[in-house]
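Naming follows writing order (A, B, C and D), and every chain is counted from residue 1.
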Amino acid sequence: MSGYFKEIFDGGKSLLVGLGITFKQMIQPVVTERYPRTAPKMPPRYRGHIDLVRDEEGNNKCIACGMCQRNCPTGCITIKGEKPEGAKKKVLTFYRLDFTTCSLCGICVESCPTDALEFSKEYNLAGYSAGDFVFDLLKRCEERRR
Amino acid sequence: MSEWAADPSYETFVLNMGPQHPATHGALRVKLRMDGEYIVEAEPVLGYIHRMHEKMGENRTYLQFMPNTGRLDYLSALSYNHGYVSAVERAAGITVPERAEYLRVITVELNRISSHLLWVGAFVLDLGGFTPLLYAMDDREQILDLLERVTGSRLTYCYFRFGGLYNDVDDDFEAGARAIVKRMRDKLPMYHNLISKNIILRQRLEGVGPITGEMCRKYGATGPVARGSGIPYDVRRHEPYSVYPELDFDIPVYEQGDSMARYLVRMDEIEQSLRIIEQGLDKMPDGPVMAEKVPKIIKPPKGDYYFAVEAARGSFGVRLVSDGTNTPYRLKLRSPCFSNVSLFGEAARGMLLADAVAMFGSLDLVIPDIDR
Amino acid sequence: MAELPEIFRVMAYVGGIMAFVGLNAAFLVWMERKVAGHIQRRIGPKEVGPFGILQSLADGIKLMSKQLVVPAKADPILYRVAPALTMITAVMVFVVIPFGPALVARDINIGLLLIFAIASVNVLALLIGGWGSNNKYSVISATRAVSQNVAYEVPMLITVVTMVMIVGSMNLNEIVGQQGNLLQWYIFPWNGSILLPVAFVIFFICSLAETNRAPFDLGEAESELVAGFHTEYGGMGFGLFFLGEYGHVFVGCALASILFLGGWQCPFGWMPGVHWMMIKTYLLIFVVMWIRWTYPRTTLYGLLNLSWKVMVPFSLAVLLVTAAMLKVF
Amino acid sequence: MKTNAVEKALGALGSAQVAVSDHATRGFHLNVTVNPEEVVRAAEVLDAEGFFIEAVTGVDWLGEQEALAKEAAKKAAAAQKAAEAAAAETAEQGGGEEGAASPPEPADEAEAAGQGQEPAEDSFEVVYDFNHFQQLCRVTVRTRVPRSNPELPTISTVYPGADWHEREAHDFFGLIFTGHPDLSPLLLPEDADFHPLRKDYKP
């Protein structure tokens, strides 16, 4: 019989302790980060979609060698470049990234011989159609220069 | 209670739990033949989220398969990175510098704590308690922020490389990690008072869904499911790899084999992981994070290799059959949840629906890990 | 001015009660989400109107704008009657609840009996709803809700019988009238029998179970039965179940405050009034919500064990001790 | 240690060749190859020793035999070229010893053997992984099953856990496990008749 009362007493005590905890939590300040009003700051190594690195005058360092295109596991990068006569190195003319199939593994950034790629800090990429996620990095690079 | 359900005249009905059901945490369907609220027979149906990772492994180079490992069990993705990377290092004979191994162990243990935290929240949510999920998510957020600062991603990591890491940690990683350890140590008593000692929860879990050691052996269940049934099997101790032998931590084992035991095993594992992280941070030497001459294209010699790691849900094994080229000939991923869920059919026979949901939650299943 | 004919009084009270039930449900929806928010260290509704007040209005409009879909194989009559029935029982009970000394729709001398008669019809509504929507989950949840309410009707009535024994009448206004200031409330052991606080706790827990709330919400157990008996209901069907549930929660807490905390009596005895009744009831409703966001759900057998093995013996003990003490003193 | 106890027990099986391999470099301790019929026996032995089933899977060795045959032919051709060079050299020195004549013969037989019968039939390799909870000992049991009729007995009677692994192997490779309770597709859709992990699978 004593077990019966003891169990009820212990049970009751554990219930009251539980209430105490939630009350203590209720008094403490709220932890929500009000996203639309306060934009969160992304850490330096945050992996957004890849972007072309711009050196001082603002043009990119890419030599259109296609290393990133070959190494990408899901083949989401397509590049076109041509060699202007007289110049030694090829120049990038078209850089298309299909971000819908990119898995952000960083192999392209790693395998680029001239370190022409880096991770951007874009995080709110809402779009209405899949087309919104196909980026033309060359155009983005020029836009940022102006 | 359901013996007379055996004769065909007694009418039982089939209830579909899933593939879209709050308790299955993903696209897994369990066909329950029910007699009233008692389960006469339960049969999990898989394949709703099957992506054929093993075929992808055969037409990708070794490095290109790295992001796939993070998509298997996305809650402890770093352990899966660790398993795959170590398997290829064992095959190709690459040795990893000391600092990289320590950093790997620390980030894997942080990932294990974040996985257990999310599991505790979701598990108590299955039992009807809404609030602990939010507290667990709040603590887990700290770990995700720290790992995001280091690896760049929050859930599906691709941070390890053959021979070391993608890049070294920044300097306030150690301070961040120690702050997390301190914060978790203060918070654990709160969790125990709110959840473990709560009489309603104890009544819901004690004696519910008993799994015997023999059943674990027959079905190959590993991880907290086996350790809840009295089997002290933990790959970190049993088949020591990386720098685990130098770290001193113990393996929580409970004998009862019911849902409460599995819950307590995971809660104690959080404490052990905190100990590992602390020791790791103390013993971590300086030095390079990447082995010197790691070939650009990995071509391991012919033959087959096996490497097992202790993921948050059990022993994750990679069987790598290489034919000397730069893509694996065959890549078998032995997933822990696949074996853990296979014993649900036999274990749930004769249980009440509410208890079956509690036991299902205590198995801690991640469906993409089952379907691969 | 001349006494207005009776019909105006009835019309005023019917309008008042209907408005009150609607507003009360809207307020409780907002309050529950705010309380849940702050317990879980988040804000709760914030965007719609100042402090999110209009959130429940927005929910109401959303629910009303939804198309009323009747599942093909659902029983046409039962499916439609069930939500209405919960609403009817929720509203009818307000007839006898004394909000203020003179503010009671109909002061019937068997008020308490009327409340419990109507409240038990609510279980029927859940059963009809569950069975009518022809969905396996709903049938399971309906049978659970029935066995749960039956199990908790018994101890609740036994504690109410002890209260009636002490007070001597079932007229709610009289019950409140006899409880003057704080020291005369029936929650304190020196006012009737030494086990009155236990009676209050039992009554409160049983009212939780009656209204399918907190740890006993097996009726609409999300994680097992998807949404219990109102799985197939969308739009206002679900809305009515929701209004009904909040109506019953208010009635349960109002009864607890009437029987034990001296309804509209003021703790210090000066001007009693409807505000005291509101404060006490909404405090109790806060406790109900606080419990809901703290505990997990019990199982059916755990719940029935609690009722038959703990609640009923304790309430019988309270009954006997009270009877003995009333005889002696 | 558990390994030698198991080694003796498995050795007792008729066709088992038991090889101890180094765990550090290969990941398993015992590498056992058995005939398909012996698989259930091996499973029973390991079950008696208290092992748990870790995984069952297949490897499709399509084109292996051809590669072997080509290799053998290449080796034979190389050996023959070397023999001719040696014979030409002795002819230059005018020495007439017969010694040089002998090396070409072995080259011819190998060559003849090479093209003689058409290369042996390709096969699936079915790999069973067992491990032990208490002592560290991973045993890998392998069998070869011809690709034309990939049949072998099921071990789900001994290890119920293998039931799903075998269904998965059936999904991916088309291996037929005789005596299996229900060999319907597990991960692939119900009406799947293709086997993705076969090397000759065209999506």
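In this section, a contact is a pair of C-beta atoms (placed from the backbone, for glycine too) under 8 Å apart; a residue touches a chain by one contact, two chains touch by 3 or more.
What you are looking at is a predicted structure, and each value in this text was computed from that prediction instead of being measured.
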Which chain lies at the heart of the structure, taking centres as C-alpha averages? B
As a quick test, compute the distance in whole Å between the mean CA positions of chain B and chain D. 32
For chain B and chain C, what's the span in angstrom between their mean Cα positions? 44
Rounded Å distance between chain A and chain B, as computed from the means of their C-alpha atoms: 25
Any chance you could list the residues of chain B touching two or more other chains? 131, 135, 138, 194, 198, 200
Where in chain A do residues touch two or more other chains at once? 15, 18, 21-22, 25, 31
Could you list which residues of chain D touch at least two other chains? none
Can you name every chain pair that touches? A-B, A-C, B-C, B-D
Once bound in the complex, which stretches of chain B touch chain A? 60, 63-68, 70-71, 131, 135, 138, 148-153, 156, 158, 161, 166-167, 170, 190, 193-194, 197-200
What does chain B use to touch chain D in their complex? 46-47, 50, 52, 54-55, 58, 87, 90, 93, 216-222, 226, 231-233, 238-239, 303-308, 315, 317, 319, 321, 329-330, 332, 334, 338-339, 342-343, 346, 371-372
Chain C-touching residues of chain A, taken from the complex the two chains share: 8, 15, 18-19, 21-23, 25-26, 28-32, 34
Can you tell me which positions in chain C touch chain A when the two form their complex? 35, 37-43, 290-291, 293-295, 310
State the interface residues of chain C toward chain B in the complex, per the touch definition above. 36, 39-42, 136-137, 140, 144, 215, 217-218, 221-226, 293-302
